[in-house]
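My structure is below; once you've seen it, I'll send some questions.
Chain naming follows the written order as A, B and C, and within any one chain the residues start at number 1.
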Amino acid sequence: MTIRLLPHPILTPLLTLIWLLLVNSAAPGQILLGLLLGWLIPLFTLRFWPDRVPIHQPLTLLRFLFLLIYDILVANVIVAFRILLGPKHVQPAFVVVPLDLRSDLGISLLANTICLTPGTVSAWLSPDRRTLVVHGLDVRDPEALVTTIKRRYETPLLKVFEPC
Amino acid sequence: MLDILLSVLILTGAIFTFIGSLGLARLRDFYTRLHGPTKATTLGVGSLLIASMIHFSAQGEGVSLHEILVTLFLFITAPVSAHLLSKAALHRRVESQAQVPAQIEEAETQTHFAAPTVDRL
Amino acid sequence: MLNLAVIIAFGLVSAALALTFWRLLRGPDQPDRILALDTLYVNAIALLVLLGIHLNSSLYFEAALLIAMMGFVGTVALCKYLLRGDIIE
């Protein structure tokens, strides 16, 4: 019964928060309207949502988020310097990262993370979802890059989404 | 004091936005160009939006937080569009400075649908 | 102080727009042009936010939000067209 009436317990407060940010006020009326929208929208869009993924170890996820914010800042500065130095100082390369993650959400989060972090863009996912091809802006040591991606970003995501 | 903070944020934002576009104009192949806009511009617009948030909150008409929405939206969508763009480029075999892995070449030749032949968009 | 910073920032973002526009016109391949278009959206958002600060009005925020959303949808649609030769399957 709870599942039918409240299909996404996390989505409802999130939508309420987005509504409040959108109208840029926290008046009681707006909170009520936001709650109503947050309750109705998941109810109507229920069929479009993929299966819910259980989240283990929320603390690891939080730590991962902070690591991510720090890495985004560093990434921007590094890429900015590479661009200013000019095209002669970059050494682009494709590297192939074998994936241990299996869930769709995990893989998409990893791909997004790679796009936001130092000099790498996830370029291509193999149709069988076993490997991710990453394009690096300045790759001196492809092996080290693969190891860094696997240790720094994939391990926390594995802990959160697929503990076994 | 607030003025100095705001000025620094605005200038950082503008410089990063500029560097992102500079990378787009200056680098040599498509895949390296992809790096400039996805990274430099997200931080550039991000810090501009933070500046706007502080500016309007300091006006005294309540806290202004709706800029967070745009920032969040840009941070979520930038990687997705970068990935799609590079996928489209690999599909169309856009020239690359780096060696494209053989795996991709194989998979892209096997796909049954033909690439659209358009001269201009 | 703030005014000067905003005016310098206007100059930088406009230069960024010009560079992006140059890539849009020149871009040897279609993905290049789509990327340039995507960057153009982001630069337009930056310009709108700056204008909002300069004119001291938060009216421009909605426009920035709309550009962010529509720009993303446009980029995805164009990429999908290149990948599949069709947008709605």
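FYI, a residue touches a chain if its C-beta (ideal position, glycine included) is under 8 Å from a C-beta of that chain, and two chains touch if they have at least 3 such contacts.
Keep in mind the model is a prediction, meaning the values are calculated, not measured.
For the interfaces B-C and A-B, the C-beta contact count is higher for B-C.
With centres computed from Cα atoms alone, the innermost chain of the structure is B. The mean-CA centres of subunit A and subunit C are about 23 angstrom from one another, to the nearest whole unit. One inter-chain figure worth recording: subunit B and subunit C are separated by 10 Å, centre to centre, where each centre is the mean of the chain's CA atoms. Centroids of subunit A and subunit B (each the mean of its C-alpha atoms) stand 15 Å apart. In subunit C, the residues that reach two or more other chains under the touch definition are 58. Each of residues 24 in subunit A touches at least two other chains. Each of residues 20, 22, 34, 36, 42, 64, 66, 69, 80, 87 in subunit B touches at least two other chains. Interface residues of subunit B facing subunit C in the complex, by the touch rule stated above, are 3-4, 6-7, 10-11, 13-15, 17-18, 20-22, 24-25, 30, 33-34, 36-37, 41-42, 44-45, 48-49, 51-52, 55-56, 59, 64, 66-67, 69-70, 73-74, 77, 80-81, 84-85, 87-89, 91-92, 94-95, 113-116, 118, 121. The part of subunit A that touches subunit B in the complex is made up of residues 18, 21-25, 72-73, 75-76, 79-80, 82-84, 86-87, 90, 92-94, 96, 111-116, 119, 121-124, 126-127, 131, 133, 135, 137. Listed in rising order, the residues of subunit C touching subunit B in the complex are 1-2, 4-6, 8-10, 12-13, 15-17, 19-20, 22-23, 29-36, 38-39, 42-43, 45-46, 49-50, 52-53, 56, 58, 61, 64-65, 68-69, 72, 75-76, 78-85. Partner subunit A is touched in their complex by these residues of subunit B: 16, 19-20, 22-23, 26-29, 31-32, 34-36, 38-40, 42-43, 62, 64-66, 68-69, 75-76, 78-80, 82-83, 86-87, 90, 96-101, 103-104, 107.
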